[in-house]
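In this document, chain identifiers A, B, C and D correspond to the written order of the chains, with residue numbering beginning at 1 in each.
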């Protein structure tokens, strides 16, 4: 089976698995983050982002989102995000839960991105007791549609946020793919464009299960630590979380893994865009492809051993999502494309 | 350094690390638990507990507690537990958070155990709108004091629970040590004694980070699944969680690891109880020792490279906790005891 | 000053004030609802609604909404309502708070009403752990736009709700105006059309501060009672709440008051719709009028002593809301209309 | 029937009922507190307390407690209060709910009062992520036992609070009785002794349903306003709430009413303490009496038309509570005492 269903179906990058084995051979450590892997994280991240940071390793993407979101949003606050954002659709109300009942205000927008205007029109109620209070904007980068915000788009959004006294969170479950896809620096895509806190994903890009909350500026560390425990996200053998993240950040592994995923996505796109029966739905800017194809082509590809999501199965045509990963192989891409090309209705 | 500070400072049991490496070499899998390791868990657990079970793998002990607790306790409910219980003292209000504001009613009792009478006296307010409603009893086994409830003690407590229409949760972060320590079956210590749900720990006993919620009877699975996502505890690459747990349950690893920890605790106890300057605070029934010793002895042991907790540092004597683990070595125990024995004020 | 700003700027209906004075002269009572006024409520309501009911008197419209909503919606649930609904916009996230973090899904629709199709398109995620679970539909009757759902419109919506296993709540802060405006029975507008629970307003229609939660069918009374205390909405001298409601329901006061408000709204509409400079925004079906008028006309009317809301003040024209109440006077309506008519740009 | 069951079974003080009638005759007002009664409150309170205050009128004692408590306590905070405090026992977890899951730490202590030592011993965990964070002390004055804290007792407690960076809340549902009972000024019993915020009760002392949150110092007004809406406690026709409170504060009505209640309690105590079969449980310092008496005496008094609570009914003797109110009559007290005196086993 070749699995293009998601970048979370993949296993662990060898470098990261090695780091786990190696961390297990070191006995001079304590629990709950009093270990040298955890200690090393903030300086590694500071180097990559070219600024001081405060970091919190956590185990899941949802945890990496809700920890900062709940720290920056009062229970009576409003959170503005794209209507298809993971925090709005795929976390079963985690942000509502962790904030104590904040309101997610869904914004429309093509290709997974909301516009400055959509945001401006939605901000509402400041200072009026009966309205939820504007608190936070959350951007997703890479978006759920596999597209990217350019730094100037981010800056335009964060400018509206500043004017309205909102904090800015970036859900970067696929942040590495965005860095590679835009060709911009990690700094340009975040704090230099006005982002306050980033959920920097590693799991989808080669870790076993590790994400990093990265604060630019000065968060309320004590409060975040209490919230982390309270959520059940303060991991006792934290060194194994931090060892994954350290290996991910070392030697540009995060970039190299994302490069491979994006390259394979581009290669696949190049092939498939020449097949008239396939119609792309969103621009392919990172490692995810959305397209419609004939139902028969779906069947043929699945019979050939490819696993992928039919987002909207149809009788004639289906909406299909392919996700390329750090370990997607060129030969699998080529074979997929060949089968699609050979398909006759 | 030899570390007796906690059983969570240890690394990963070799069998479990091997299972992680091995799971990474298998590519025919999907995310979020649609994998063969997760599939295998309930039958493994059913065999050990001699009954049907519903299981939920999670990443932390707090998650393993709050997932079932919040499923069984309404927001306006009362939870009865020992005043030193982990859920009351060491999870920063996680149970209050996940339930939406339930009330933890702390019960007193010697050696980490509360009595039937303490429970009966605390139950209060059923059917009266202005009082929180009795909902759940939570027992800790092995207790925070390192002691054990015998099956008949559990049964006496659960009988009070049944009469008062309360559910019964067991925090079994060190459940394996309790099975070994009591010499009873897993079934006798849980459902046969009236326990509804167990948080079955693995992390402190050799896993990297994995705990298993074990429901006896028929939980509201859908609700629990939603709560798990919402808490950020639905792990995408769940096979690596389940692979740890599968290896833990296979070939009696969970028992063997606990046996080693308990044996070392017993060996240490035998040595230290002959040293007049040391006074034990609680009976040593599993893998944890509490004692007071002269401050100078603490210093001597730390200088010799032993790490452990001074729970209450004093000028003359300190309250000390030692925790033995699956990988505690006989030679280290002997050396610790020898230094203690040699100590002259 | 003549105040058309809202129906909650008015005072108390004389019959209701008399009832309060009278209730104060009766000393044979107990607190917390053990009094004859509270006892009498359910039979009075049952007669009006032609079915058995369970009722809970509360002090505010928000309380009357969140008490049933939080009883029918799990913390991980979705609530579908019009995007302009009071529960979505004007209660500062009360429904999110009382449910423990449920998600309000805003539905679009003209004139304050959402369509069956809008609802069907929004329902989403049943049985999938990562999605919030569809739980409740909330209709507002009279809508925020002053319009009305006809029984067949309600029935079409509740049919979708039933198919999707959703409960149906009606925010009836102005329910009396809807009964009068549609000419339908209270039963036809609620349980006969599939509504499970009604927030039956009295405050805007002549009470001092009293609303009634009316359950058709069999609610979880114990749970609701606990939630009511917990919210701070269990009023000790409840007889004064119930005495208001009893007087409101007696002798058709609720209908007579609403009739006066609706009649005045219709009279005002008849006059103003003949003034070319005024453009109505929504059909006037109950006691609220929305219109745009020249800014100068707004100024002239305010100078003449009329108080009302400019919802969207503009340089040339403003969006204006007028609300008629149980004690709006024909002479004031006529004078308002005359000034508007005389206005020259 | 003469009702000594509670001070909330009474009706409304005539001065307050008159104020309600009068407020209804004034039409030049707006909703939600934009009225002259609400405007007048803070200056009236400032005069009584001899300092600047910020006030929030609410409808219930629970609301008056949870509004400030939730503003001063984070979700991960600890609240220290007497184990019999209303917020711990009689509000069905309202403080846990409004804070988003804070932990109430119950303190023991005779006669409804906790000691400085009990508080000091309970404070715990500051700065440690796994422990709930000390946040607030809540004192009840008049206590649930009908006793009073003297200013120096309050000051000793608030000194501990200050040292530990805790805020201090006073539940003053019967604050007027405490002022009269101690003979101290309102200032001495609150801010001069270190209290940050007072829930100043009126309902039990003659109002229909009105309590006042009184902040000394500078609260986060905006946040409190949002929380008040969100709890359903922002009353539209607020003038009727404020008119009650204004009348309560005017002409010393609050003191006069409390004086009558306390005087009757003292008169009753003087009589009953001479009856050997009656044993007082707590000192009578305000308007509440706790005593045990023979079961037959209870029966005789109830047969004579007196209503009161048997807190702990017994076969031989019962624990009985009597509460005197602003409208308790001397003749009723005398008759009660006479029947008790005449009782022969």
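In this section, contacts are C-beta pairs under 8 Å (C-beta built on N, C-alpha and C of every residue); 3 or more make two chains touch, one makes a residue touch a chain.
Given the structure is predicted, the values throughout are model-derived calculations rather than measurements.
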Worksheet item: Shared touching chains for chain B and chain C?
Response: A, D
Worksheet entry | Shared interface numbering between chain D and chain C [over half = same, under half = different] | same
Worksheet item: If you average the Cα atoms of chain A and of chain C to get two centres, how far apart are those centres in Å?
Response: 42
Worksheet item: So what's the Cα centroid distance for chain A and chain B, whole Å?
Response: 34
Worksheet item: Between chain A and chain D, what is the gap in Å from one C-alpha centre to the other?
Response: 52
Item to complete: Would you pick out the residues of chain C that each touch at least 2 other chains?
Response: 75-76, 91-93, 97, 100-101, 129-130, 133, 226, 229-230, 234
Discussion item. Show me the residue ranges of chain A that touch chain B in the complex, using the header's touch definition.
Written reply: 1, 3, 5-6, 8-12, 17, 20-21, 23-32, 58-63, 65-66, 91-94, 97, 203-204, 208-209, 226, 229-237, 240-241, 307
Worksheet item: Along chain B, where are the residues that touch chain C in the complex?
Response: 74-76, 100-101, 127, 129-130, 132-133, 222-223, 225-230, 234
Fill in: Of all residues in chain B, those that touch chain D in their complex
75-76, 89-93, 96-97, 99-104, 106, 129-133
